[in-house]
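You will see two complexes here that share chain A, one where it goes with chain B and one where it goes with chain C.
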Partner chain A sequence: MRGDKEVIKKVTPMEIATYAASRYCTNGMTVFVGVGLSLLPAQLAQKTMSPDITIVYEGGSIGATPIGRVPWGIDDTVIQANAECETDVVTTLGCMAQGGRVDLTYLGAAQCDRYGNLNTTVRGHDFMRPAVRLPGSGGAHDLAVGSKNFLVIMNHRADRIVDRVDYRTSPGFCEGGRSRWKVWHMTGGGPAAVITDLAVLKPNPVNFELEIAEVHPFTTTEEVKKNTGYDIKVRPDVRETDLPGAEEIGIIREELDITGDFTGWKKLFKK
Partner chain B sequence: MTTKIISLSDAVKRYVKDRMMIAGGGFPMARQITVFCKEILRQKKAGTIQVNDLFWVEPGVGFGGSLLVAEGLIDSIISTFASHERSGLSKITRDSLEKGMPRKIKWEDETNLTLNMKIMAGALNVPFIPANSGVWGDIRTTQLWDGKLPYRKNILMEDPYGSGKKVALLQALCPDLTVVHVQMADAHGNGIILGSIYYDYWFGRCGRDILLIADHIVDTNICRRFPNLVAIPGPMVSGVIPWYLGAWPTNSPGIYGQDLEHMGFFIKACNDRNNLREYLDRYVYSWEGYDDYVRLIGPDKVKILEADPARVLADPLREGILPDGKVRELLAEAKTEKTEER
Partner chain C sequence: MNVIAQGSGKVFADPDADKARAFFRKKNRKMVSKLMTVKEAVEKFVHDGDYLCIGGFGANRIPAAVCHEILRQGRKNMAFAGHTSTHDFQILCAGEVFNKLDVAYIVGLEARGLSVGARRYMESGKVEISEWTNYSLSVRFKAGAAGVSFYPARNIMGTDTFKYSGAKIIECPFTGTKYAAMPAIYPDVSALHVHEADIYGNCRIRGITVSDLDVARASKHLIITCERLISNEEIRREPSLTVIPYWCVDAVCEVPYGSYPGNMYGEYFSDEDHLREWLKVEENPEEFKKFLDKNIYGCKNHFEYIEKNGGLERLQVLRQKELMFTGARS
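This part shows the complex of A and B:
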């Protein structure tokens, strides 16, 4: 199936990213879910290979198992209709994430730098007169500090995967090397991977700079490099990203992203 | 015991003053104090209160806060999130920050944990609280500190007990007025919250005055039967405002769901100043009293919102809900008491 031209034409880049991100969830994990695109992978994992995960939403829902429809956000009532526990933000972000009880977190970002530090606050260099105002941190900073690991899901453009972010909202590996732990005393492990619509980037084990580890089947390492804002290295063992199977595609389109807002799958059927 | 029930218009008249720091509970699409924000705008227009420069604290500047920003009543905001989530980024907030329209607001970015912990420190009456968040990054530096506002940040400290760990010292925050929307409250001010609590556990314990807006007023016996559901203790609370659908178009789990259709309509209206003006005229200024407010939402829409998957959360408590007639009696009682006080 890998590299099969017919299959590639029938899958969108964000579906590949969602599937790749979902595979980091394993049974028994406590998984924290953010807004937007990061809503999808944990739910996909729960419906396929890891039904036994506990999903946490920062507002206070723990063990949420929505029935009837897919939540459109972290404070949708459908999350609260069938949760195991309802508590507050200090418990989820503080006691759970920073207390070391969250195994994996999904985060979105507008910009990501070479060390996986994220910007979700402003574009442009003048905070007081931003070129574009973005939503802000929400709980992302707190999760990036404390979660055992986190995954970033975002679009891959030269002005998004950059050397320096316009505003440092959430910490990745800070200034590189072991600075995250040695200088800033953070408890969590930092980004396990940055999954984009073109590639999967993973940190170098020594200097913690993001490198190209996987490339989605429809593109090339050259293309990925061209769309990256810094001189990104390619891992010697770089490989093609696995494609989702018919089951996963079916769940994404028929259950999780029915409108196609997140993954854009409906565009495949437009002539 | 005297009742803490107070009408919406009396509460705004009595508690809202210019240059106040006001905190609003909920989350971008949940339990927002929308009707309270509307009432501030309405009374400002009617001339019953004089407010021009509010200091607004809200976890996510969603629907209610946006209306105040749109009418230029807010001077500074402390928040963590400027978006209506799935419904999109807040155009009103963006215009204000990017273009200074209708006025430039001062914006302070916090994270959900740091803001909540600042409120926690305020509630505990300690001057600061140490945290793991806010040690690294640009959230450390403040935009509001101008020598006049006592808003400080960026103080780190190594553990004085010798672990070597570095923490941020977050300055306590105590609003002049905190308003939280709850599903149910009794006349003593005991607030029952169903579903996620967000910031409201600590919001309900911090503020010179704390007001609740309740979808339903319940018999105190319900609090006695389910005392662990009372998230906000009565003695913390100064007033309880009965207003069914007070959080609309955001949700109030157990009572009604979010009105995404209306949110979409609102977001679209925000893209154009004329449409926004029309929206405000209709949904903020045109109605008079509770019945009118519900008529504007539409009885059919109300039925749809009430048929929400989370409605089951409130089922065990529903028998304790006081009927409308009884609530009106309580309101009338409150009115005479207040007049006698004066």
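This part shows the complex of A and C:
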């Protein structure tokens, strides 16, 4: 890998991640998104190569096409105003996710382990007196179980991409191998990839452990390994992550993350 | 039915459908005016130790006026359903109203960040917790609404959330499929904010309904705050718009801008400046106390709270903002 630092003078790591994640969204898909960073890829896909996706928010908005800015939450007016249907949680997480009508879900997490299990509940090992109390599952768990596949978008740090999560909120491949299906009877297919500000991790097809599949052009596999909390394997066919083009960057900055809160692009223009 | 495994979490609301049925058999379903103030409604229907549920999703369509009044009246030791709960949760934590909690989504205000105040309370060890997910709590209300004691779901197995939940794993008698049995919740009292209601409690809602329709049907007592009162004739003119029937409702309080500082679909946008101020001021406990005295304890009602934060002029701005976004549909 190049380790070309010039790259991040023109595009931010989270813009690269957003673009990489958006490419999993193809026409005809029903896609669930959460808050924050996980909002952006589906919207980017919808505005570029996959206009015919149905975006669903668990609160009950189906067929949302937010206009104007990044919503504060999945209950935001910009989501509700342009949707095709406003309904309830039993329809979105039950009928759709549990019932097999969801193709792809974008999730964020505080921690992700080697099998793609996610923690959004507590940091620390004493559940009753946690070091940090986090929001909990929300609908993330329900989507991790029921969605055909899901993608994780998060920052890559050694205490966040870890051997074992402090608390397993949303299941990835559980204990590895076929355990997700054989032991725990889950319906969906688990994580397709974990996309971070440094790399794209994908599950090994046999033991389902996350491996380095792509490395963002400004960094190296060594850097990625250093920032990972377990002895992560590098795929033999590892490659550089594709960079977003001018069109995608324009849409991210001018239409989606106008304030730069999520991708941090405004920092590029600060002296 | 064989229980294959079960979580260690407590079930705070009694799922017994027979007891709930006995209660509802005796409950008055007369079509009488239920108009009252928020203060009267909370005095009458919200008690220490009750199981409480608050409607809305995140900061959308929340009965903020009821949450504030619960703090002013000093309710304690309640059980609470932390279901898609953000600013309402932040308010209730500030008053340390509950000490038993069903968790699905708490502490965070979605993309706005985490509430330091709510975290402080949750990390204090004062609150007994059962963990669930949004779908789990939704079907627990669904079971309550249908008058049964549990609802099967295919989630929660294989996680720590199951370990800390009160769910039980069972096998389907028809197919042998493994399900997590979710115990029904019949809340002692719930509060919902709606767009329009008549004096009897027939309600209309625009936008997402989350789990509110099931919550309304499962609750033993229900407080409705509404943006506008409308006539019963208007309700009867278009009955298909009625999403909550009057006999679910115990109190109807007309509170325009009742979701402030949250948003109300088609009416007004959330006051992001005020929510940001709230998140910021929580970092300093002294300042936060003053902030609460100003905005909750020192206010007579919701109108006074809004008056202190920009009044009608501010609301007009939020209204225009909302109409700009909803206008984007063309």
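Going forward, the second predicted complex is superposed on the first by the 259 of 271 C-alpha atoms of A that agree within 3 Å, B and C clash if a C-alpha of one lies under 4 Å from a C-alpha of the other, contacts with A are read in each partner's own complex, and residues count from 1 in each chain.
To be clear about the criterion, a residue touches a chain if its C-beta (ideal position, glycine included) is under 8 Å from a C-beta of that chain, and two chains touch if they have at least 3 such contacts.
All values derive from a computational prediction rather than experimental measurement.
S.K.: With chain A superposed, do chain B and chain C clash or fit?
M.R.: Here chain B and chain C cannot both sit on chain A without a clash.
S.K.: May I ask you to decide whether A:Ala246 touches chain B, chain C, both, or neither, giving the answer as first, second, both or neither?
M.R.: Neither chain B nor chain C is touched by A:Ala246.
S.K.: Give one of first, second, both or neither to describe whether A:Ala158 is in contact with chain B, with chain C, with both, or with none.
M.R.: In the superposition, A:Ala158 contacts neither chain B nor chain C.
S.K.: With both complexes overlaid on chain A, does A:Ile258 touch chain B (first), chain C (second), both or neither?
M.R.: Neither: A:Ile258 stays clear of chain B and chain C.
S.K.: Tell me the contact category for A:Val70 with respect to chain B and chain C: first, second, both or neither.
M.R.: second
S.K.: Do any residues of chain A touch both chain B and chain C, and if so, which are they?
M.R.: The answer is residues 35-36, 58-61, 67-68, 72-78, 80-82, 86-90, 93-94, 98, 117, 121, 127-142, 145-146, 167-171, 174, 184-187 of chain A.
S.K.: Once bound in the complex, which stretches of chain A touch chain B?
M.R.: Against chain B, chain A makes touches at 35-36, 57-61, 67-69, 72-82, 86-90, 93-94, 98, 117, 121, 127-142, 145-146, 167-171, 174, 184-187.
S.K.: How about chain C: which of its residues touch chain A in the complex?
M.R.: Residues in contact with chain A: 56-61, 82, 84, 86, 103-112, 114, 119, 122-123, 125, 129, 131-136, 138-139, 142, 153-161, 164, 177-178, 206-214, 263, 265, 269-270, 272, 322, 325-326, 328-329.
S.K.: What part of chain A is in contact with chain C in the complex they form?
M.R.: Going by the criterion above, the answer is residues 35-36, 39, 58-61, 67-68, 70-78, 80-82, 86-90, 93-94, 97-98, 117, 121, 127-142, 145-146, 167-171, 174, 179-180, 183-187, 261.
S.K.: If we count contacts the way the header does, which residues on chain B are in touch with chain A in the complex?
M.R.: Checking each residue of chain B against chain A gives 27-30, 59-60, 79-83, 85-86, 89, 93-94, 97-98, 109-114, 116-117, 120, 132-139, 143, 164-166, 194-202, 251, 253, 257-258, 260, 308-310, 312-313.
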